[in-house]
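You will see subunit A twice below: alongside subunit B first, and alongside subunit C after that.
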Partner chain A sequence: MLLKRAALLALLLALVFCAVELLPGDAANATSERGESAADIDRRRALLGLDRPVLERFWDWMSGLPTGDLGTSARGEPVTDLLSTAFPNTLLLGGIALLLTATLSLTLGCWAALRPGGRTDRAVSGTATAVLALPEFVVAVALVLVLSLWTGWLPAVTLTDVDGTPDSWTMLVLPALALTIPQTGWNVRIVRAALADEARAPHVETAVLDGLPPHRVLTHHVLPGALPTIAAGLATSTGMLLGGAVVVETIFNYPGIGSVLASAVTDRDSPVIAGVTALAGAVITVVLLLADLVRDLMAGGRR
Partner chain B sequence: MTTTRGFPLRVLPALLLVTLALCGPWIAPHAIDTPVTAPYAEPGADAVLGGDQLGRDVLSRLLAGGRELVVSSLLVAVLVTAVAAVLSAVGALRPAVGRIVERAADVLMLLPAVLGILLVTLSWPGGGRLAVVAAAVALGVPYAVRLVAGAAAPVAATGYVEAAAAGGERLWHLVWREILPNLRATLLALFGLRFVAAVYLVATAGFLQVGPQPPAADWALMIRENSAGILLNPWAVVAPSAAIGLLALSVNLAAAALAPQTGRKAVPVL
Partner chain C sequence: MDLTRRQLLCTGGALTATALLGGCGDGSDDDTAGSPGAGTKPRRGGTLRVGALGRAGAITRDPHGTQANESDYLILSLVYDTLTVPGTKPNTVPRLAAAWQPSDDLKTWRFTLAKGAAFHDGTPVTAADVVFSLRRLRATPSGASRLPGIQAKNITADGDGTVVLVSDYPNAELPQLTRLTTFVIPEGTTDKDIAKAPGTGPFTLDWFRGGNARLVRNDTWYGGDVHLDAIEVKIFESPQAMANALLSGQIDLASNVGAVAARTAANRGDIRTVRRPNDMAMPLVMRTADGPFADPRVREALRLAVDREAMVKQVLSGYGSVANDILGTGDPAYAKDIPQRTRDLARAKRLLKEAGFDTSRTYELLTTEDISGLAESATLFASQVREAGVRIKVVKQESAVFWDKTWLKGDLYTTYWGTNDSVVFFASKTMVSDSGQNEAGWQDEEFDTAYEKAMATADATARARQLRELQQIQHERSGYLLWGMADGIDLAAPAVQGLPKLPGYGRVQLERAWLAR
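And now, the complex of A and B:
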C-alpha cells in the first residue's frame, strides 16, 4: 500500500518534470529583460544548467527531492528557500479548512440522515448541491463584502508578523471559510450518500428492529460502516483545498504558497510551480494513506 | 427517480444565462476598452453599474465578459466527454487499456487541478486560452473515464456485444455501434458535471491571470482587477462575482437534473 502510493507519487513527479520540459518555454527566456542579447540569455541558461541533457537534469531533480532539494528558480534562488515559510502557512490554512469541512459535513450529513426525506434532509442536500460548484474566489468576495466591509467584524486582508506568520487568528477566519464552504458542499453529499447506502445493510435493519433509538443506530451501526467512504471523500478534498488555497491566499494577501505562485506566474517560473506541485502531491499522498488506514481499521473491526 | 419532476424549470436558468453570456457582447451599450466615466465612479446615468479601475463601463464589460468563459467551458466539457466515452468503451473491450487508464487516474488524483493548470500554462507561454483548455481536458478525462467505465463494463459483457465481437466486427464498430449508443444517459449526465467543473477551472485560471490577459473583458479577471476599488464602486466586483456564481449555480442545477439518481455513484465525480 505504502509502496504503491510512493510509486504513484514518483510517477506524478516524473510527469510534472516532463510537462515543464516538453512544453515550449524555458526559465532563461521567461526571465529575460528588454534589450538583453541572445548571448546573455544563453549565459543564464548555462548558469541555470538548462543546457545539460534532459535525462541528467531529470535525475538531478528527482534525486534531490527526498533530501528536500526542489531545484533552482528562474531567478537563481533555491526553491526550498522560497517555500520554507510559505508552505507551513498554507498547510495551517488548509488543515483548518479540512478540519472545519470534516466537522461540518459530518454534522450536517448525520443531521440530514436522521430525518431521511424530510424538510431538513432536502434543505441540507439542496444547499450542498448549490454551493459545491462555486469557485472559492466568488465565495471569498461575498464573505469579504458581508463580514468585513459591511459589518466590519473581521479583517479583509492578512497582516504578516516579522516571522512570516499571520498577525492574528482573526485573519485566518475568512480564508478558511472561503475554502470550507465549497468543500463542505461536496462532502455533505458524500456523507449523506454513504450513510444512505450503509443504512440498507442487514445489520442496521436488525438494530432498528431491536428498537434502538435512531441516533444510537446512527452512531453505532451506520456511521462505522460509512467511515471509509467518508474518509476517502475528505482525502480527495485535500487536493481541492490546496488548489483553492492558492486562489484564496491571493485575495486575502495571506503569506502562503499562493503569494509565491503569484509572483511565479508573473515570472513564468515553472521550477517553482513544479516544486509546489511536488510538495502538494506529497501531502495528498499522506492524506490518501491515512484514508487507506481508516478503511483497513474498519475492515479489521468488522472481521 | 425524481429527475423528471420540474425538469424544464431546472434547466431553463442555465440555458438563459448561457444564451445571455453568448449574446452579451452584441448588446453592450458602450465599448469595453474606452473610459466613459471616472475610475471607480459610482453608478450614474451614463454607466448603470458605475466604472471600473480605468473608468470603463462595468455593465458593458459584464455583458462582454462571459462569452469566452462559456465557450471555453463548453469546449472542455464536450472534449472531456467525447474522449472519456471512447476511452472507456475501448477499455471495457480491451482490459489492458482499461488498466492503464485506471493507473493514470490514480496518478492525476495527486495533482490539484489548479496547480496542474498553472503548470501547463506557465510552461507553454504562447498557449493562452488553448493551454487552459488543453490542461482542463487532460485533468478532467481520468475522472470522467472512471465514471463511464463503470457504466460501460456491463454493456461490454452483454450477449449482443459478445456476439458481434465473435462475428468478427472491428473494435471501432463495437465502440461506435454497440457500446456508446447504450451509454447516452450516463454521457449526458457526465457532460453536465464536466461543464460545472470546467466553469470552475476556467474561471479560476482567469482569476489567476493565466487565461485571458488584461485589456480583455472577463468576469474572473474583472474581479481580480477591481478588487482594490471594492469600497469605491462595489458593483465592479460584485456584478462579475454574481455572474460567475449564478452561472455555476444554474449550470449545476441543470446538471443535477440531467444526472440519473443512483445514490452514491453519482456523487464523487469532480
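And now, the complex of A and C:
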C-alpha cells in the first residue's frame, strides 16, 4: 500500500516536471530583467541547467530527495529555505481547518441524523449543499468585509513576525474559516449520507428494536460503521484544503505555500513547483494512509 | 454606481488641485491640506509600517540582482545608497556622490563622495567600495543596460574620495544613469555574504524574513535628519490584500497600490490618496521598420483616432493625465510647448486613405495582463479606432510569451515603462537606431543626430533646445502612441507625513517620512 502510494507520488512529480516544460517560456526567460540580451539569457539558461533534457533534470532533482535536498530555485535560493517557514504555516492553517471541519461536520451531521427527515435535517442538508457550492474566495472576501472591515473585530490580513509565523493567533481565524466553511458543507453531506446508510444496517435496526435511546444507537451502533466513510471524506478534504489554501492565502496575505507556488509557476521554476508538490503529496499520502488505517481497524473490530 | 463615480471624480479633482498647489512650494514637505500635522515641523520617532508588493518566490537580497519585488527594492534602497537619486528639478540630485564634474568632451565624469559617508559598521566609504560595487553591477546579466556606455575597466578610483567613470561616447546625462541601482556595498563582498553586507543608507537592517523586514534609523547617516525610529516592511502579493491591511489599520502606508485600491478607499475619509504623477507610461507600439504601420501617415492617423481623455478616464479611473506621444513626461526638459494632439477622425481617415491603408483587414493588437489597465487600454483603443475605420482585434498573451515573442518584434502591441521619467532615458533605451530595446524598430537619422548633439552639449540651455528638437521628431513620427500617463498611487493613514511625490523609483525615498502622532 505504502509502496504503491510512493510510486504514485513519483509519477506525479515526473508529470509536474513535464507540465512545467510544456508551459511557454522557461525559467531563464521568466526571471530575466528587461534589457537582458539573448546571450545573457542563454548564459543563465546554461547556469540553471535548462539546456539539459527534462528527464535528466528530473532525475537529478529526484536523487537529491532522499538527502532532503530539494534543489535550487531559478533565482538561486535553496528550495528548502523557501519552503521552511511557508510549509509549516500552511500545515498549521490546513490543520486547524481540518480539525474545525471534522468537528463541525460530525456535530452537524449527527445532529441532523438524530432527526431524520425532520426540519433540522432538511435545513442542515440544504445549507450544506449551498455552502459547498461556494468557492473559497467568495467566502474569504465576505468574511473580510463583515468580520474585519465593517466590524473591525478581526485583522483583515496576516502579518508576519521575525520568525516568519503570523504575528498573532487572531490572524489565523479568518483564513481558517474561509477554508473550513466550504469543506464543512461537503463533509456534512458525507457524514449525513454515511450515517443514513449505516442506519439501515440490520444490527442498527436490532438496536433500535431493543429500545436503546437514539443517542446510544448513534454513538455505539451507527457511528462506528460510518467512520471509515467519514474518514475517507475528511482525507479527501485534505487535498482540497491544500488546494484552497493557495487562493485563501493570497486574499489574506497568509505567509504559506500558496504564494510560493503561484510565483514559482509564473517563473517556470520546476524545482520549487516539484518541491511544493512533493511536500503536499506527502501530507496527502499520510492522511490517506490514516484513513485506510481507520477502515482496517473498523473492519477488524467488526470481524 | 453613478454617484460613486461622480464622488470619485470629485475627490480626484480635489486631490489633483492640492497636489498641484503643493508642487508649487519648495517641494520639501507638501502634504494634502487638512491632514493633521500638515505644514508643521516633522516630529521625531515612531515606527512606519509599509506594505509593498512582492512575490514570496521572487525574493532577492542582492542589491545588484533582478529586483522583481517592490518590497525588496524598497528595503534595499533604505539600507543601501545609490550615487545619485531622482529629484524634482533638476531630476538628478546628490546622494552618496555629493558632486560631479564632467570633462570638456563629456566623456569623463568625476564623482566626489559625500563627506562623512560610512557603512553601518562604522567603516568610511571609499572610492574603492564604489568601484567594486559599480563593476559588480556591470557584471550582472543586465549590467550593460544598467550602465550603458560605461565599461567595467573604465570605472576607476582616484584617491579615496573620487570615482571616475569614462563613457564610450559623450554623455551629458550620465549622472542620471547612477540614480537607479548603483547600490554601494563594501569592497570584496562575496556573493555568499551579500545578504549580510552593511549599507550606507538612512536605515540599518534589523531583521529580514521572507520578504518582511524591520529597519532601524541610522543615527550617523551623512544625508541629514531621519525622523522615524524604524520602518517595518510587509510584503503583499495582492494590492487588494494590501489595501485591506491599510483599511483595517494593520499598516500605515500601502506603497504603489494602484487605482483599483484607490477607488476602494475613495469614500473613506480617514485614508489619504497620494498621487505621484507621470509614474507609468503604457504606450502602444507601432512597428515602423516594416509591416502595416511602417507608413508614418498610418501612425499619425492612429494617434489622431485615439480619444485620450476617455482612455485616462476609463483605463486609469481618472488617476492619470493625457499625454502627447512623447515619452519622458516627468522630465523638467519635457517639451510642454509642443501642441497637444487631439482627436480628429476626419483627418485620420484622410491620412489612412492617402497612405493606401487596407481597412478591409483586421489587425491584431497584442497585449498582456502584466499590470492592471494594460489589456483594458488595448480593448478601449480598439473600439475607438473603429470609428476611424480601422478594425483591430485584441489578443491577450501570457506574460512570458509576450516578452519572448511579441516585445521588440510585433507590429502593434502595448508596452509599459515605470522605471524612469526622463526624455533621454527613453531616447537612449528605445528610440535611437542602435538602442538595445528599440521597441518599434525605429531608425531615424535626424533623431539620432539630435540625440547625439544633445548628449554632447554641455550647456544646459543649448541642450534643452536640442532635447526639444528630439521631442518634436518623436511627436511627429516615432513608433509610439502615448495616450496618457498613469499616476503612481499610494494610500496612507492620516498620520503619515513627508511622503515621496516623485514618479517611478522616487516612491522608495522614505527617509524623510515622519509620523504626526
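What we mean here is this: the second predicted complex is superposed on the first by the 290 of 303 C-alpha atoms of A that agree within 3 Å, B and C clash if a C-alpha of one lies under 4 Å from a C-alpha of the other, contacts with A are read in each partner's own complex, and residues count from 1 in each chain.
Basically, contacts are C-beta pairs under 8 Å (C-beta built on N, C-alpha and C of every residue); 3 or more make two chains touch, one makes a residue touch a chain.
On a predicted model such as this, the values are computed, not experimentally measured, just so you know.
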Quick one: on subunit A, after the overlay, do subunit B and subunit C clash, or do they fit? Just give me the call. clash
On the A-aligned overlay, A:S73 touches which partner chain: subunit B = first, subunit C = second, or both, or neither? second
Let me test your reading of the model: by the given contact rule, A:T219 touches which partner, first (subunit B), second (subunit C), both or neither? neither
Check whether A:V260 is in contact with subunit B, with subunit C, with both or with neither, and answer first, second, both or neither. second
Using the touch definition from the top, say if A:D269 reaches subunit B (first), subunit C (second), both or neither. both
Does the superposition put A:L149 against subunit B (first), subunit C (second), both, or neither? both
What is the contact status of A:T170 with respect to subunit B (first) and subunit C (second): first, second, both, or neither? neither
In the overlaid three-chain picture, which partner chain does A:R43 touch, first (subunit B) or second (subunit C), both, or neither? second
Could you look at A:T250 and tell me whether it touches subunit B, subunit C, both or neither (first, second, both, neither)? both
For A:T103, is the partner it touches subunit B (first), subunit C (second), both, or none of the two (neither)? neither
To test your reading of the overlay: subunit C has the stretches 292-300, 310-318 or 382-390, and exactly one clashes with subunit B. Name it. 310-318
Take the contacts of subunit A with subunit B and those with subunit C, and give the residues found in both. 23-25, 30, 144, 149, 250-251, 261-262, 264, 268-269
What part of subunit C is in contact with subunit A in the complex they form? 55-60, 65-66, 68, 141-142, 144-146, 207, 209-210, 212, 214, 234, 236-238, 240-242, 244-245, 247-248, 250-251, 398-401, 403-404, 429, 436-437
Complex interface listing, subunit A residues touching subunit C: 23-25, 29-37, 40-41, 43-44, 73, 75, 77, 82, 85-86, 144, 148-149, 152, 155-157, 159-164, 250-253, 255, 259-264, 266-269, 272
Using the touch definition from the top, list the residues of subunit A that touch subunit B in their complex. 8-9, 11-12, 15-16, 19-20, 23-25, 30, 129-130, 132-138, 141-142, 144-145, 149, 186, 189-190, 193-194, 196-197, 229, 232-233, 236, 239-240, 242-244, 246-247, 250-251, 261-262, 264-265, 268-270, 273-274, 276-277, 280-281, 284-285, 288
If we count contacts the way the header does, which residues on subunit B are in touch with subunit A in the complex? 103, 106-116, 118-120, 122-127, 196, 199-200, 203-204, 207-210, 220, 223, 227, 230-231, 234, 237-238, 241, 244-245, 248-249, 251-253, 256, 263-264, 266-268, 270
